[in-house]
Each structure stands twice: as structure tokens, then as C-alpha cells.
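You will see chain A twice below: alongside chain B first, and alongside chain C after that.
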Partner chain A sequence: MLACRVFARAAQAVPTLLGVAVLVFVLLRVVPGDPVAMMIPPGASAEDVLRLHALYGLDRSIAAQFVLWAGQAMRGDFGISISLRQDVSGLIASRLPATLELVLLAAAIAIALGTALAVFGTRHAGGGGEAAVDAVSGVALAVPDFIWGLGFIVLFGVVWPVLPISGRADPTHTLGLTSHFYLIEALLRLRLGVARDVLAHMLMPAVALALPLAAMIARVLKSSLAEQMGQDYALLARVKGFSRSRVIVREALRNAAIPTVSLTGVQVTFLVGGTVLIERIFSYPGIGNLAIEAVINRDLPLIQGLILTFAVLFILINLALDLSYAALDPRLRHG
Partner chain B sequence: MAEAGRRLLRNWRVVLGGALVLAVLLAALLAPVLAPYDPLDQDLSAQLAPPDWHFGADAHALGTDSLGRDVLSRLIWGSRIAVTVAVVAGVLTALLGTALGLLAGFFGGRADALISRLVDIWSSFPPVLLAIILVALLGTGLRSVIVAIVVIDWTRFCRVVRAETLKQRRMDYIDAAVAAGLGPRAILWREVLPNILPLALVLLTLEAGIAVVVEAILSFVGLSISSDAPSWGGMIAEGRGVVHEAPWLLSCAMLVLLATVLGFNLLGDGLKAELDPVLR
Partner chain C sequence: MQVSRRGLIAGGLTLATAGGIVPVRRARAAMGTATIAYNVGLPSWDPTTGPSAVNPTIQAIYQSVFDQFIGQNPDLSFTPGLLEKWGWNAAGTGIWMDVRKGVVWHDGSPLTPDDIVWSLTRAGDPKAGNPIQFVWGNLSNFKVDGQRVTADAKQFDPVLFKWMAFLTGFVLPRAYYEKVGAAGFEAKPIGSGPYMVDAFERNAFLRLKANPQYWGGKPAIETVVFKFVTDASARVAEIESGSSDVTLEIPYEEYDRLRKKKGLKGITTPVSDIGMIFITNVAPMLDANVRHAMVMAVDKKLLVDKLLRGYGVPIDTLEAPQYEAFDPNIKTPHDPKKAAELLKASGFSKDKPVRFTIQTTRGFKPKDYEMIQAIVGMWRRVGIEADIEVYEIAKHFELRAAHKLAPAAFYNWGDAIGDPTTSTGFAMFSPSPHSAWKTPDVDAMIGPLWGERDEAKRIAGWKAVDRYIADNALVLPLLQYVQPIIHKDSLNVVPHVSGALQPQRFSPA
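Here is the complex of A and B:
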């Protein structure tokens, strides 16, 4: 049942991926500008330029280039980055874990903070607590994550320098880790000093990413909690003598979660998109920062590989979401 | 009318937001008069000079950047780019999104199905990533930035205007107009559109704020105008690089951007509350 569902959704994703790949491939090639221009040294002859084009397959027709690229891509080979002269798959494999860890941490912070705010606001509904929660989420939403990130750099990097403002780990230490999942590996191997260092580097970018989402979760969850608290079952639980906090956390939260999960799902996609900028601000070595470099350098193989990576990520997030609805809502599970 | 104006001025959001937006507009218009220095003038003997409030002949009130250019003057001149993008991208986005939203909401049927589907697909992409890809395709520069904003953000208008048009269409005054013999085009232009305009105005104000941030982001990343020309995003990028030596550079540019964005947001929220009879 579950396997069927996963399979059906995965099958639906294939045409989307193909569409994205074709679109990006063709658009990148019809716009003016020579992608190898920056590699051509001054004084190169016309033949040198042609040879360079042939080396990257740019002398063939767009259709022929696509067939070649797609065939290699299916085997996990995205070609060689023009600006970095490295294997694109290798580059992505070494940078993607950094982005995934950042997204996971940001999502965890957003969900925890948003839920805490919503529960606190519902607990103190109609009073100063609720007003405070509304004010906090209003400010968190009004300020874009770009400015949150920069503000944190000034506040916690310069004015009160408690956190590192760039990179993923202290470059003067040898980490001694085998994978690129620094945080997860350090935690699993109980290398707490390393984990602390990595976490310190991730904290500001993750919170900057998380704040707008936390505010959105707080708003939506608070309004559905308010609705649930007016339902008969919640009133009954109150009449039976359970405290308001207990009813909110034990009874109402689960039923109120469904609209929040669907909102969070869409927003996690945006969170992944947001990493592009936040990674740039904090010089964080993930695929977002790599994507900006690729775009600035018009590095076609790298741009294509990265866009496809992002597309796969978005599809996986949506798949995970679809399954989590089923877990939360029994009607969908048996429907 | 005067009554409506007085009511608007009693809303603190409208007043504060309007004042911030007006300040930016005036800075842009009067940049040559207000700026104490030429924004491109380099003074290599005063690189990264800290803010100096002694109003002497050659004082830099907000300090200088790494080429010795006056930060205050660059901020004032930079407002021209912000205002240009806010107005041009905002209005173009509003026109495209409102036109498609009206079309979808008023005529329904296949046009509506097509436009609504397009809006759904479009808004499922993360906007910043989409903007960077678009500028990669279009080439860098202010024009590409504006095109990217219009291409990405028209859905904000389209979605809301479509819903409002659907609501208006079901109202009695439309039936009355049909009974009076007006054709669909006349009804759309003379009856529906005027009722949509206040809403479009609110959205336009909010969109202007978004456009300013997007331009700053693309300048920051290095995909908007060249780094010599004074732009807030470019100054933020430079300030980020020298944040330990000259924190005022990043702080000033960031605060100006923040004030502008909050100004547009407050004004938009205030207008929404005043123009929407239900909320009022």
C-alpha cells in the first residue's frame, strides 16, 4: 500500500525532471554569451577557441548535446565544471551534505520555535501572552531572511562576537571526519568538540532561515489550535479536569497539526531555495553558494547539474510530505 | 475624499510607512543636492574611515568604504536604484498580474484553468533561486533584474485579483449592468476594474518592498548592476567583506534597506486595513 504510493509518486516525478532538464539545457544554450569565454587566454587563435568548444561538446547541435548529456547524467556523470575544472558529480556530492544539514537544522528550529510560540499563545489566549506571540511573529515575518542573516553577522559576529560568521568549521582544526555530513557524523561518533564547532558555524544561518518559517508555523498552528480548543472533545477534557496546557499538548495539537504540516511542506521547499542566499551571506560551503558561483561564471555543466539536484530535492521533499499526511490523517491512510 | 484622507492619516501604519517611503523617494529625487560628496569620488587617503559626526568641511558622517568613497553619499545615490526598481518592477508586475487575474476571474472557463494552473506551477518554485537562474539566463544588469521580478512575482497579483474578480462578478451590480445592456468588455473596464483597483494598490505597495529586497539580493550576489555604481546590495556585499574592519558599512546599508522594506510593508498593511471595508 505504502510502497505503491511511493512508487506512483516517484513515477509522476520523472516527466517533471525531464522537463526541467530539457528546459534549462535549451535555455542556457540559446542565450547569447560564450560559456568558455573566460577560459580563453588573451591572444588565443580561432582554432584554439574551436578546440575548446569541441572539448566541452559545444560544437554540436543542442539536441545532440542534450542526448549526450542526458545519457551521461543517468549514469551519474554530469561532466566537468568549466570554471573549477572538477568533476561536477564529485563537487555536488561534497557540497550537498552541508546544505542538507543546514536545511534540516533550520527546519527543526522553525518547527520547534513555531510550535512553542503557538502553544504558548494558545495557553494565554486573549491575554498579553498571545499579543506577545503575535508581535514576535509579525516582526519575524516582516524582515526578510536576507536581512536577518546580515543583522546576526553584525550583532553576534562583530558587536558581541560570540559566533563565527563564515565557513562550516574552524579551518585551524583538523576534523578527522570521513563523510561530508560533519554534524551528523560528529554527533554519532560522539566527537562533541567537533559537533559544537560545526553547530556554532551553522547556528546563525539556520536561525536566519528558520525565523520567517517559525513565524508562519506559529500563526497557522495557533489559529487551528484555537479552533480545536472550541471542539466538544477539548471542552470535555477540560470538564473532566485536565489542565488547559495538557489538553492543548495531548489532545488538540495532533488534530491541529495537519494544516501546519501542509504549510510547512511547501515552505521547506522555499527553505532549500533560501539556502542559496544564506550560504552566500555566511560563506557556507553548500550547493547554494556553489550555484551562485556557477551562475556568475556561466559554468554550464555545473549549473545544469545543480538545477537537477535542486529539482530532485524538491521532488523528494514533496514525496516525504505526502507520506507524512498519510501518517497524520487516518482518512488518507485508508482512502 | 478629504474625509477618507483624514481617516488614512489617523492610521499609524500609513503615517509611519508613508513617511519612510517618502523619505526614500525624496532622497532619490534630490540625490545631487543632498549627497555631500560625489558617490564615485575616491579618497585613497581616507579608506575605511569610521563615521565622523564633526561637521567639518571634509567629514564623512557615515564613514567611507574601502576606496575612500563617502558612505552617506553612496546610500543616497543608491536610493535611485531602489526607487527605480520599486516603481518600474512594481508597476509592470501589477499590470501583468492584474490583467491575467481579471481575465481568469471574469471569463472563467479554459482561460481560468490555464492561468490558474500556470500560477500553481510558478509559485511552487523558490523565488530567490528562480531569480538567480533567470538572471543567469538573461545576463546581469538592472533590466534583467526587473524582468526577473516581473516574471516571478506576477502570480502574487494574479491569485488575489482573480479571487476578488470572482467575488465581484457574483454581485448584483454586475447583473444590473448586464440588464442595462453593457457588453462584457464594458463591464470589465467600467464596473469590475474600478472595484479591483484599491486591492491592486495595496498589492503594488507590498510588491514595491519585495522588489527592493530582490534587487538588493541580486546586487549583493553580484548579478545586478556593476559594483562601481552605488547600490545598497553592492554596499552590503562590500561591507560583508570588511565587516570586522568597518562594520558601519554593512550596518548602514542594511538598516537603510530594512527601513525601506518596513516602510513599504507598513504602508501596504495600513492601506489594506483602511481600504478593506470588512477589516475596517
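Here is the complex of A and C:
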């Protein structure tokens, strides 16, 4: 049943990816902009400019370029980056883990913080606690993630310098890791010093990314919890003498989670998009930062590769979301 | 093994606490490590191919790892590099170069004249992707005799040897490159320069170790870390928090604030980068009165003083004072009254202004958009109404190459070798894809100078071109930029007029 569901969703993803690929490829070539314009050195002649176009295959028709690119992409080859002169697949593969770790940590922080706020607000419903949760989540929601990032840099990087401001790890040390999943590998190999260093570098960007999502989770979950606390089973548990906190956590939370999971899944896809600015501000070497460089340099092969990567990520997140619904709600598991 | 929930939470909190609340490592220049919060990342390790080869901002990194054929002092004067002596033969049909003895690559193998020949041959090969191929392709038929290399030249080029200290003028190790290939070289580059690559994470950092066998002597700082911090406010935070020892290219307001802080020092240097407004030879710029009025209406000193806090040098030609063909006698004075009179002669006034578009970047250079706004205000007072159009720098390159810039377009022009061919020449000569004013009168003056063998005559010729351009208001030069550098007072930093922040010139204070 699960395998069929996964297979069906994967099959649906193929035309989506193809559509994205065609749209991006054509749009990038139709909008004004010459990728080699920034490479033209002083003194270059018109022939030199034509030579540069030919070097990167830009002298062919859009259709010919697409056929060539699509053929290579089917084999996992997204071509060579114009600005970095390296294999696009390799570049993305080396940078994607940094973004994935950042997004996962941000999502974990957002879920933990949002849930804690929602539970606390529900526990103190109608009182000062709920008002405080509403105020905190209101501020967290109103301020964009990059403003949080800049604020954290000033606060924890300059005024009270306890966290590193930029990068992914201390550049004066050799990490000695074999994969690009620094945090995960360091934790698995119990290299806690490295894990601590990597985590310290991730903390500010992850919290900046997480705060707006945490606020949203807190609001939706608190509302769902309030509804669940009015249900018969919750009232019965209270009558039986269980504490309000216990009923919230043990009884109501699971039932209230479904709409929150749905919302979180959608928001996590936005979280991936949010890494573009956050990675820039914290000089964090993920695909968001790479995307900005690619756009500035009009690096068509790299932009195409990155957009397809983002598309695949969105599809995978949505698939995971579908599967998590089934795990939470038995009615969906059994059709 | 059973893990209790309480134990798991406690463990997680311990890790999170330890990870978060620990004092940040302070950069320690005095201990032999200098950390630079650098404003751009390093896209590629090959300094002779691709867009990064012509990106002036990253030349400092290349110059740390690789040697150029010819070196350059901080004042832009030339000095022996891997070539100890060089010159043209008497007939001007070929060149000779004496290669330095005793130089070794970072892997310990000797640098030979064959490496020089291979580097020049590769640079001149159209298939290799060197953007300056049009310069290197002039040479052929290389011969080696001991340490001397000779080559034939298709034509005499008075600037050829200056290019050897400029973009793509780097020597790469033939044997190593051929052994590991382009990808292998990207993964583990070696050069003969003062620093060796120790670790590199693209878009994050580069760690260099001093080369103990460097022919120019081992650098004073053992370890140099370039942190790629592209956001200016993050660079300010890096230096202010003590996480980095040096940073550059920060807003002048921040520079003024930081240089007064205890433990920090500031250096400002006029660099080989000028702000200018291209004038395109289309209406209404074909009217000389309009062009002259445009130039006369702009108070450059006011722009520098008020917008750039005094960090800039007003200029009247495309030659900065450090350039060879700079002529202090060429002046285009600020005279708004005269500007209004000239416009009146052409039928324009404040009530009936001449109208055109001016293009500019926004945030690409310090206060670029604000400067154009101020200039448009100055123009308005004499009878010029200009609409501002903001574009990305890539768009500027594209429009300029297609000769489709607006009648006026702001740009910055770098010329790290300070030669007039690479400033006035490429900016004003019609066949160049970088010129905006394309007329035969200017071409007739510039044309003979490309191959002029008498250096004094050549420089005098360029000065005459600059005077002609100023007299006819064919371009509007604005200012020479000033590079701000902030560093810890425990470190000595020597600025370079090219703008390249070279760690090999650092030393403990």
C-alpha cells in the first residue's frame, strides 16, 4: 500500500519536473541577458565575443540547446557552470547537504519551539500566559527571517560575541570529515568537538529561519489544542482527575497535530526558499548562496540545475508530508 | 542499551548549550594567523580561464598562490617576478625574457623556462578559454636557450609586458597540470607563489600556509584565512567582533566608526578604479553644448565630500593620478552658469529642458545610485531633465557590448596597470566592445598609438587624446574611488593601488 502510494506520487512528479525544466530553460533564454557579457575583457573584439558564445554552446538555437541539455540531464549531467567552470551536479551535490542540515535544524527548532509555545499557551488559556504566547508569536511572525538574522549577528556576534558570524565551521581547523553532512557525520562518529563547532555556526541562521515558522506552528497548534480540549474524551480525562498539562500532552496533542503537520509541511518548503537570504547574510555555503552567485553571474547551467534541485526538494517534502498524514491518522492509512 | 527520555533531553541540552554558549575563537594575527573577511568568493582556481580570470577583486587571492610573469609594487610600478629581465628585440618583431633561477613549485619540483612557454602558449590558444587570448595570441615560435625564452610577435604591442602583471598573466605548472588535468587542478591547485593552499571550501573559506621555499622570502604571517563574507554588514560584524583581523570594502560610515575603536586601525587608499558616466553618441548627445553643460553642471568635489564622506578623488580624465598618462593640466571646471548659457544657445532652459535617460547600478559601487540622483539634481538646475534607469551590472555589460547604452550611463572602470590603453583606449576606441562614444575623430587619434614604439611619444599621444576628449566632453569622469581597509592594530597591512589586498604584505605589528 505504502509502496504503491510512493510509486504513484513519484510518477506524478515526472511531468512536473519536465514542465519546470522546459519552463526554466526557455525563460532563461528568452529574457534579456547575455551570460558571457560579464566575461568580455577590455580590448576584446566582436570575434572574441562570438568565440565565447560558441565556447558555451550559446550560438545554437534554443531547441538545440534544450535537446542537448535534456539528454545530458537524463544521465545526471547538468553541464558545466559558466562562472565556476565546474560540473554543476558536483557543485550542487557538495553544497546541498549544508542547506539540508540547516533546513532540518531550523525545522526541528521551529517544531519544538512552536509546540512548546502552543502547549504553554493552551495550559494558560485565557490568562497572561496565553497573552504572552500570542504577543511573542505575533512579533516572531511579523519580523522577516533575514531581519532576525541581522539582529542575531549584532547581538550574539558583536555585543555579546558567543557565536560565530559566518561560515559553516572554524576555518582554522581541519574537520577531517568524509561527507558534506558535517553535523550528521560528526554526531554519528561521536566527534562532539566538531559537532559543537558546526552546530555553533548553524545556530543563528537556523533560529532566524525557524522563528517565523515556530510562531505559525504555535498559533495553529494552540487553536487546534483549544478545540480538542473541548472534546468529550479530553473532558472525561479531566473528570477522571488527570492534570490539564497531562491531558494536553498525552491526549489532545496527537489529535491536534494533523492540521499543524499539513501547515508545517507547506512552510518547510518556504523554509528552503528562505535559506537563500539567510545563507547570504551568514556566508553559509549552501545552495541558497550558490543560487545568488549563479543569478548574479547569469550562469545558465547552474541556475537550471539549482531550480530543478529545488523542485525535487519540494516534491520530496510533499511526499514525506503525505506519508506522515497516514502515520498520524489511521483513517488515511486504511483508505 | 536503553536511553531514557530524560537522559536524551539532558544530553541534547548539554550538546546544544556547549555548542552555543562558548566564546567565539578570536582571530590571532600575533600568533601567526591572519583572518581576512573578504568581500567575494573564489569561483575557480585557474587564474587564466573563465570569468574569474578577469574579475579584479579576486586577483589578490591568485597573487597569493601563483606568481605572475612580472610583479607589481603597491604603487603600480613594475618589478621582476618570475621574469628577471624582459624586452623587445631591436626590430620590434619579437620578445626575450630571462626566467628566474631557483624557483620551485609548491610540490617541490623546479619551475623551468618550459613552464613559462607552456603558460604563454596555453594563454594564446583560442580553445583554452583565456579571456585575454587576444593579447597572448600575438606570440608564437617560442625558443628556450638556458634561462632565456624568445618568441616572435605578430605585431609590436607596447603594453604586452604590462599585461604580464595583469589579468591572466600567471604562470602555471605544466607537468603538474598535465598530470592531474583541469579538474585535478581545481581540487588541489599548486603554484609558485608566497602561499600554498591548505584548505578550501567554496563560498566559505580558503586557508593558506606560508611557502617556506618562496623565492621572495617566506611571508611574515604563517597562516592566512580568507573568509568569504559577501555581505558588507556581516564583514563589519566580523571585524568588530574580533572574528577577523582585516576587512575591506565596507561603507564609509562604518569605516569612520570602526577606525576610531580601540584595537582597530583604518587605511584608505585611492585605487585604480574610477567612477564615470559614459556618453553615447546618440541624440541629444550629438549636440556639443549639451555634453559640455552636462560636464560643467556637476560639482564632483561636493559629491565626494557629501556622499562619500571625502573618500574619493575628483578627476577630469579617465586617467587617475597614479596612471602613466595622467595630466594634471587637463581640467573640466564646475561652472553651472556657463552650463546654463550653453544650453540656452541650443534652445534649452529650466522651463524647456533637454531630456534623456541615464542608466546606473544601485549598490554595485558605494553610493552609486545616490550619486546619480545628486547629479540629476545638479543637471536640473541648469536645464537638463534626466530620467534614472536602474539596471544590473550584467545588463550594463550586455548593452555596452551591443552599443545600446542610454545617452548617459554610470560605470566604474578599473585599470590596475595604469596604462592609457587599458583606460582611455578601451573605453573610447570605436572597435572596442567597451566604448560608448564611437566617432572617427577619436579613432584617428587613438589608432596610431596602439603600436607606437617610442614610449615618450606614446604617452604624449595619449595625453593629447585625453585633452581632446575633455575639450569635447565625450565622457564624464567623476572620481577615483578610495578603498577602505580596517585591521587590528596588532597587524601591519600594506595597501596596493590596484586594490588587491595581498596577505604576503602583512606583518605582525
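As a working rule, the second predicted complex is superposed on the first by the 335 of 335 C-alpha atoms of A that agree within 3 Å, B and C clash if a C-alpha of one lies under 4 Å from a C-alpha of the other, contacts with A are read in each partner's own complex, and residues count from 1 in each chain.
Rule of thumb we're sticking to: contacts are C-beta pairs under 8 Å (C-beta built on N, C-alpha and C of every residue); 3 or more make two chains touch, one makes a residue touch a chain.
These figures come from a predicted structure and were not determined experimentally.
Superimposing the complexes on chain A yields a three-chain arrangement in which chain B and chain C clash. Using the contact criterion defined above for the overlaid structures, shared-chain residue A:I184 touches neither chain B nor chain C, since it reaches no partner.
When the shared chain is aligned, chain C comes close enough to touch A:V49, but chain B does not.
Of the two partner chains, neither chain B nor chain C is touched by A:A116. In the superposition on chain A, contact of A:A142 is made with chain B only, not with chain C.
Touch criterion met: A:L203 reaches chain C, while chain B stays clear of it. Look at A:I307: by the touch rule set out above, it reaches chain B but stays clear of chain C. When chain B and chain C are set side by side, the one touching more residues of chain A is C. When the two complexes are overlaid on their common chain A, residue A:V249 makes contact with neither chain B nor chain C. Looking at the shared chain after the overlay, A:V154 reaches both chain B and chain C.
In the superposition on chain A, A:T174 makes contact with chain C only, not with chain B. After superposition on chain A, the stretch of chain B whose C-alpha atoms clash with chain C is 219-227, while the remaining options among 129-137, 165-173, 219-227 or 255-263 stay clear. Shared contact residues of chain A with chain B and chain C: 32-33, 150, 153-154, 157-158, 165, 280-281, 296, 298. Of all residues in chain C, those touching chain A in their complex are 15-16, 18-25, 33, 35, 37, 41, 43-44, 46, 49-52, 54, 126, 129, 131-135, 167, 182-183, 186, 199, 201-207, 223, 225, 227-231, 233-234, 237-238, 240-243, 392-395, 397-398, 401, 421-422, 425-426, 431-434. Taken together, the chain A residues at the contact with chain C in this complex read 32-34, 37-46, 48-49, 51-52, 55, 82-87, 91, 94-95, 150, 153-154, 157-158, 161-172, 174, 192, 195-197, 199-200, 203, 280-285, 289-290, 293, 296-298. If you check the complex, the residues on chain B that touch chain A are 124-130, 132-133, 135-139, 213, 216-217, 220-223, 236, 240, 243-244, 247, 250-251, 254, 257-258, 261-262, 265. Of all residues in chain A, those touching chain B in their complex are 24, 27-28, 31-33, 142-144, 146-147, 150-151, 153-154, 157-159, 165, 266, 269-270, 272-274, 276-277, 280-281, 291-292, 295-296, 298, 303, 307, 310, 314.
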